[in-house]
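One structure, as structure tokens, below. Some questions next.
The letters A, B, C, D and E name the chains in turn, as written, and every chain counts its residues from 1.
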Amino acid sequence: MPSLLEVRDLVTRFYSEGAVIHAVNGVSFSLDTGASMAIVGESGSGKSVTVMSLMRLVRFPPGRIEGGEVIFEERDLLRLSEEEMRRIRGNRIAMIFQDPMTSLNPVLSIGLQMTEGLRAHLGLGERAARDRAAEMLSLVGLPRPKERLDDYPHQFSGGQRQRIMIALALSCNPALLIADEPTTALDVTVQAQIVELIQGLREKLGMAVIWISHNLGLVAGVVDKVAVMYGGHIVEQSPVDELYEHPRHPYTLGLLKAIPKMDGRDQGRLFSIDGMPPDLRRPPESCPFAPRCIYAVDRCRQALPPLDELGAGQSVRCWRADEVAALNVAGAMR
Amino acid sequence: MRTAEHKDVLVRVEDLKVHFPILRGLLKRQVGAVRAVDGVSFDLFQGETLGLVGESGCGKSTTGLAMLRLLDPTSGRIVFGGRDVASLDQRELRASRKHMQMVFQDPYSSLNPRMTVGSIIIEPLNVHKIGTPAERRGRVQELMRLVGLNPSFINRYPHEFSGGQRQRIGLARALATNPSLIVADEPISALDVSIQAQVVNLMADLRGQLGLTYLMVSHDLSMVRYISDRVAVMYLGRIVELGRRDPVFDTPRHPYTRALLSAIPTPNPKRERERRRIVLQGDVPNPANPPSGCRFHPRCPLATDVCREADPALRNIGGLPDGPPHLVACHHAENV
Amino acid sequence: MTTYILRRLLVSIPILLGITVIVFFVASKMPGDAVLAMISTETPQAEDLIKLRRGQLGLDLPLYVQYGRWLWQLLQGNLGYSFQTGESVIDILLARIPATLQLMGTALLIAIVLGVAMGVVSALKQYSRTDYTFTFLGFAGISIPDFFLGMVLVYLLAIQWPLFPTSGISTAGEPYSLVDNLRHLALPALALGLVRTATFMRYTRTSVLEVMNNDYVRTARAKGLSEWLVVVRHILRNALIPVVTVIGLTLPVLFGGSVIIEMIFQWPGIGLMFIGAVTARDSPVIMGYVLFSAVMVQASNLLTDMAYSFLDPRIRYD
Amino acid sequence: MIATSSEPLAAGAEPMPTGESLWAKARKRFFRHKLAVLGLVVLTVLVLMAVLAPLIERYSPIDLDLGSMSQAPSAAHWLGTDTTGRDVWSRIVHAGRVSLSVGLVAVSISTFIGVLIGGISGYAAGKVDMALMRFTDIVMAFPSLVMIITIASVLGPSIYNTMLVIGILTWPGIARLVRGQFLSFREQQFVLAARSIGVTPFQIMVRHLFPNVVGTVTVAATFGMANAILQEASLSFLGLGVQAPTPSWGNMLQDAQSHAILEGTPWLWIAPGLMIALAVLSINFIGDGLRDALDPRSVH
Amino acid sequence: MKTRKTLIAASAALVALSLLVSPLMASAQAKTDKTIRQAFRTGCMAGPLYTTCGNRLDETVLQGLAHVTWKGDGVKALLAESWSTPDKGATWIFKLRKGVKWHDGKPFTADDVVFSYNTYADPAVASIIANNLSDVKGYEEFRSGKASSLSGVSKIDDHTVKFELNGPRPLWVELKQIYFSILPKHILGDVKPSELARSPFWTQNRVGTGPFKWSKYVPDQYVEVVRNDDYFLGKPKADRIVYRIFADIPSILNALAANEVDVMSYEGGGIPVSDIERMQKVPTLTVLPNVDAGLPTYLQFNFAQPFLKDVRVRQAMIYAIDREKIIATVRKGTGKISNTMFPATWAQSPSLNPYKYDPVKAKQLLKEAGWDSSRKIDFIYYYADQVNKDTVTAIQAYLAAVGVNIVPRLLNPAEIQTVYKDGTFEMGYFANGQGLDPSLGALTSTCGAQLSFTYCNKRVDELYDLGLSESQREKRAPYYQEISKILNEEAFRGWLWYEVRPLAFNKRVIGASEHYAEMPTLIFNLPVYNEVEKWDVK
């Protein structure tokens, strides 16, 4: 059975003020129907641009998708007409965003914002669309959904807005939901609510989910596999247990060690990754992580390592992956 | 981490209240108040780090600002060095700034974009007329080295630095006058994970080197757990639980603390999958109109009638005899 | 909302009072007075006539008494009588306000429609040739004095190619017809409106560009909406809110501009009346004009704010 | 930019110190704005012409030659002569001095008043702010041209009164702008930080707030100057501005009011009209460029 | 991208807008009736009581007992049939025309006349032309409140009115009587005198006796009057006259050129000479480029200034200016050189000093007078049109060439009287004159007269009074000639030239241009009988 989504060598660049920003530099991954994965990375690692690219929401100017394929349900999204692509967006692939405060249009009622997608994709009439919208709102646990359809976004709390965003995204029964840092702007307790909600809905509706996050902890319990991005590249991709137990890439390792453990006692000094992320205006020809990597050798500073398939769905982009793994036998788990 | 010796109280906060008036009507009369901080008391011991945690809007940042009187408290006392900061006049207050400093959350807006790094760091020295001009310049270099910045960048502007570096500049500014207290308001929340650790480590090092006392305001519980000696948990303008770090984290006695802790994800897929979260229902109520009785009762899984009626006081529930008490404001603390 | 409006109205009272006081005293400092202005330059006049007439008009009283009288009359709903013609100032204003409103309204409409359309296109095609052309045209528009544009329009479109009448609001002595009226309106409204198009264009462009980068626009696209819906419903709807403010800001400027344009086109509005009143030192009429324009400006500010809260549900005044 | 607004797109947002000051960056951005550069070039030429007027004039701008009235442009008179035989080129050049200095002085006056009142209002807040803003509202609610006409007829027409009148009636815009900026900067953490280290309110205003509004004020002043030049033209058109025989672009244009001149001797109006449009246009372009260059939001 | 749709919508809106104002939709108005469209000045609506231009409508609506004829050679009897004086001008008996009806049908009687003169004189009315009645008996008493009416005006019978004067005034009808239009007592009799200015009579229903009836006044736009079939001099030929109100000259010229108005008489000084050529090119217009305004233009000296008291200084200034050149260039060849006060040639001395342009002599004279060329002279003027501004510029240049430096200052109309009164100027560029006859109006050089600016020559005053005592031109001429000679020699004013008032008329109007073409000198500020009832439209 073919994958639901197959991304191959995706390249996206931005042209701004005379500079070229190499945001995504050949990203490949695949996702099966109903499966879930996470793309993890820090600001500027290219994780958001990757999913924006596959939704073809990168606007030119300044951004342009310059290469690769995005095979979704056996069609290459990058080769569809704008009209065909529009029929997929919000319908087969839906997306929710980081900041529920700004992702809803402040001057339009929730009802209108929820129904416009339904009407465009499912051809529902106004009545039917409103009914469906209310149904979706109650599905995401919003009380009194029918009455609240005429309210405006500012009349809801942050958590409620994110619920509305989820309802909106799922209203056309998408095969794939992309959740772009959906909980970052929310408080811990609300985060938990939202994660539970998406997780529950995924099981209920059987859709695939891509989580975008900078927080390795957040996605640990909810995905099947994880891709770690750094400097516009996927540096490591593994089934979830494997990644947390045996991180192969020094960056993954560093990230895991930089997080203080909630269950530990005194941990001594916190592990820190010195230096700063690479400047994507001048992307290195070599391993992008090399300047910050405690394991880096000359080779790392000379050439970009390939994404090595290690079997069992694990792959890593590091010249010294084996050695690193050996040096950290215990992994990051404590 | 080192555990501080709890003997000298550096700051004593007593029944601190910060209310923001709500004005309405033709003549803008006050019709109510947002009770951002509504009766908070705690001691801050010399050399310790107190973590102040809670969700957004719980009043933790307001408490921090009011402690330094960057916001005027509505009532209450803040005793620092034998004097009530809340009642100092402007001149005395400015002089007292030398001893208590702040590190801000946003590394972007907390540095004046039109000033060089050098002039930002030297400003407190100029304001308090510490040393000769030459000494001040030397001090700036020293401070920059102390926080891990290359002193050759002294004439650069903030926008040329990364978030982590800016936070270091902010730290250097705060340390310039050799303060004894630093209030850090979410100092790392705007930084990337890999940078956060750098700043946290730096702050921990500085505390050791300079004998600083920190009030660490944060919503990041894992970081608080890492850096604090004691932890205070705030909910809707009140402290609901206050005690030494490990007891609070390991055996929380307030249902809210428990829910808060259970919500924190850990990077361990197996444990995460098995874990049962306590998912709180609903949202934080409006601080202008807090619920009767225990403010947490509408969301509390353990709430009973008494919670709806009586406002629970902070009470000691099994702190160690020789150490600071473990305070909880819950009628049912024993059952949690 | 009602309290808000009430409070705003209360606040506007001292503003209006301040304006009238200042204008009254400044106007009284103008050299000459209404009586002298009425006398022909060539005819020497007897002193006693001048004195008599001054007494009749109350010009011999101390200034503060004159102002007090004016204010007292105002409280009784009377704006006084023209020194020049003896007509009631209210009647004078009422007879001319519709003409000015028609001119200003049409000019504003031209400026808004053209400006917003150009601004939207410019923003959607940022950095394109169209964008640059519109930007250039827009700036060229605000760089030309409106009176000069008016003169050129008359010269070209009324005299060289007589498509439009040279001046007036309708053909004198003919019964009113809308077509006739609109033909007279065309040139002055264009002269007044075109030069202000750029303001709206710039604001719209900036605003659209800003809104385009908002998360909710991305949301709308992610929903798979057609570009038309995204632009009209999600971008324009939000982008035009700040443009509403510009209408409020443009009004005082339009009042000024319409004075000159009304002069060039002999448009029988209050601007023409005002110039005449200044020349004649007809202070009741000057005061009437100033009061009216100040009230208009205050009202438009209030309306702008109310429109704001209507367009943006987040804004609620109380 | 696109994509996520809260996540800085480029990892390049974390550069090593580049050694570029904000001004240097602004300068770079300004010079990328083609129209602004064009405006700067044109304005420089105009200013040079005005400064060098005594050197590049070919006749006296005031002496007439009734023997050669209303002559079309020729080698002797590059831009022709006016209705009293004065050389239009020489007058244009001299008028540039007048018009540009009217614009400059007027905008200096209005900027000074505006920054002062706006600054005090924005920092002091409370009752002082209330009072100052009501006063600003009063001045703002005057239809400015109308007030200018009234005041100009009180003061009498002269070049200095023109500057003064335009200056004292156009400051409310700048005052509001400065006040707004002060209010928003007051909420910025760096002001809180300054307070936290004990900086006095006056020092906060001068050292922390003011430098941050310089850019915005510069932009506003630039547009203000363009506007002042137009106002001068309007005033002179009404005969209330700069008085003959001193030439200004405005009163030269007023001389072309007659359709006889519009039709028969177009060089009399094309030249000053073009100069006004050129000057105002180039200043506006510069303002636009400055706005792009100095916009704090465009600073990464 | 569907931004195209935005564009289409926007341009559609524009097209709709432009269609709305499309000239194609406005067919040329079919003017079936005979309408004369005349340009009219703004600010003249208050009627003859309150504005000097208020009597401009009186030739068509209100009328007086007698108006000045359009040829300027006498007085035309209108509401009066005839008049006589039994005692060389101290008493005047006016026989009124019988059968005249007001426009509302009421008969016109002597009561109206008595009422009208009392109204003009009434201090509570404060008419600005009241002082033209100062010769009438009882005027002083009425003005000072000692009497409640004008004792010198009385009704003899319904069609006879008697005027008693303070002494013999042989030219009283020609000089004073003509100013006053008769007002309807049956309408205005009940209006409180102090409220008269505000009466809707002036704007809504100006009932008169003239050839046209008041029909409509639209503020700032036009006044429409329609034919009075019962006019006592015969039914007018035109159906109506539309006086279109203009606030400035360029707009009148535009309207004339675009065939929007037919008649521009002397509104606002006529066509600026700079525009004559352009107007002459308009095929539909008859342009009268050289209508004499009877108005000498001159340099005014303020004799209160010591430095202007030396006659050599004044003469030098006249010698210094090349008036021929200015006329030929700046003034486009219009106007003729003037060397004294009176435009009428019969009143001028044949031996006037022509003050030919002679800068050498000017310098010589100034040197003799010890002139200080560093002095800056405050020089006022009030004609703001281009030609006069250029003229001032030229004068400034000529004077500067001999070392006299003037600083021109443009006055607003409202300031002029103040400056006159306070004498706050040093020199000026003025125009003022006696028009047709030196005895019309007052002599401005009289000792103590406002416009003499402290100049005083008893002999001149004496001669002028002698002139007023005679009613025949031949007898008056020698006195006036002597005055002209004295003023010329003493350089009372620096006379420059006599102004012209170029006029234009649309050829479709018959009668108007013909009349004005025959005018020897244009008369203004007086009700003139222009035979409007005989004007016709092609």
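Keep in mind that, in the parts below, contacts are C-beta pairs under 8 Å (C-beta built on N, C-alpha and C of every residue); 3 or more make two chains touch, one makes a residue touch a chain.
Model, not experiment: these values are computed from the prediction.
Peer 1: Name the chain whose C-alpha centroid is most distant from the C-alpha centroid of subunit A.
Peer 2: E
Peer 1: For the chain pairs A-B and A-C, which is connected through the larger number of C-beta pairs in contact?
Peer 2: More C-beta contacts join the chains of A-B.
Peer 1: Quick one: report the Å distance separating subunit C from subunit D, using the average Cα coordinate of each chain.
Peer 2: 23
Peer 1: I'd like to verify one number: the distance from the centre of subunit B to the centre of subunit D, where each centre is the average of its C-alpha atoms, in whole angstrom.
Peer 2: 48
Peer 1: Just the number, please: Cα centre separation of subunit B and subunit E in whole Å.
Peer 2: Centres of subunit B and subunit E (C-alpha means) sit 88 Å apart.
Peer 1: Using the touch definition from the top, which residues of subunit D touch two or more other chains?
Peer 2: 1-5, 13-16, 153, 156, 257, 259, 263
Peer 1: Hey, what residues on subunit C touch two or more of the other chains?
Peer 2: Within subunit C, the residues that touch at least two other chains are 30-31, 154, 159, 214-215, 218, 226-227, 275.
Peer 1: Which residues belonging to subunit A are in contact with no fewer than two other chains?
Peer 2: 43, 57, 97-99, 102, 276-277
Peer 1: Under the stated contact criterion, what part of subunit E meets subunit D in this complex?
Peer 2: Its residues touching subunit D are 250, 253-254, 257, 272, 274-275, 277-278, 322, 325-326, 329-330, 384, 386-387, 389-390, 392-394, 396-397, 408-410, 412.
Peer 1: Show which residues of subunit B lie in contact with subunit D when the two form their complex.
Peer 2: For this pair, the touching residues of subunit B are 65, 68, 70, 93-98, 101-102, 104-106, 109-115, 123-124, 127-128, 153, 156-157, 159-163, 170, 173, 176-177.
Peer 1: Could you list, by residue number, the parts of subunit C that touch subunit A in their complex?
Peer 2: Interface residues on subunit C, with respect to subunit A: 126-127, 214-216, 218-227, 229, 233-234, 237-238, 241, 311-314.
Peer 1: Under the touch definition given earlier, write down the residues of subunit E that touch subunit C in their complex.
Peer 2: Answer in residue numbers: 1-3, 5-7, 9-11, 13-14, 17, 20-21, 23, 25-26, 29, 35, 37, 42-43, 45-46, 50-53, 123-124, 126, 128, 130-131, 134, 143, 194, 197-199, 202-203, 218-222, 224, 240, 242, 244-248, 250-251, 254-255, 257-258, 260, 382, 412-418, 420, 431-432, 441-442, 444, 449-451, 525.
Peer 1: Where on subunit C is subunit E touching in the complex?
Peer 2: 30-34, 36-46, 48-49, 52-53, 56, 81, 84-88, 92, 95-96, 110, 113-114, 117, 120-121, 124-125, 154, 158-159, 162-174, 179-180, 182-183, 185-186, 226-228, 231-232, 263-266, 268-269, 272-273, 275-276, 279-281
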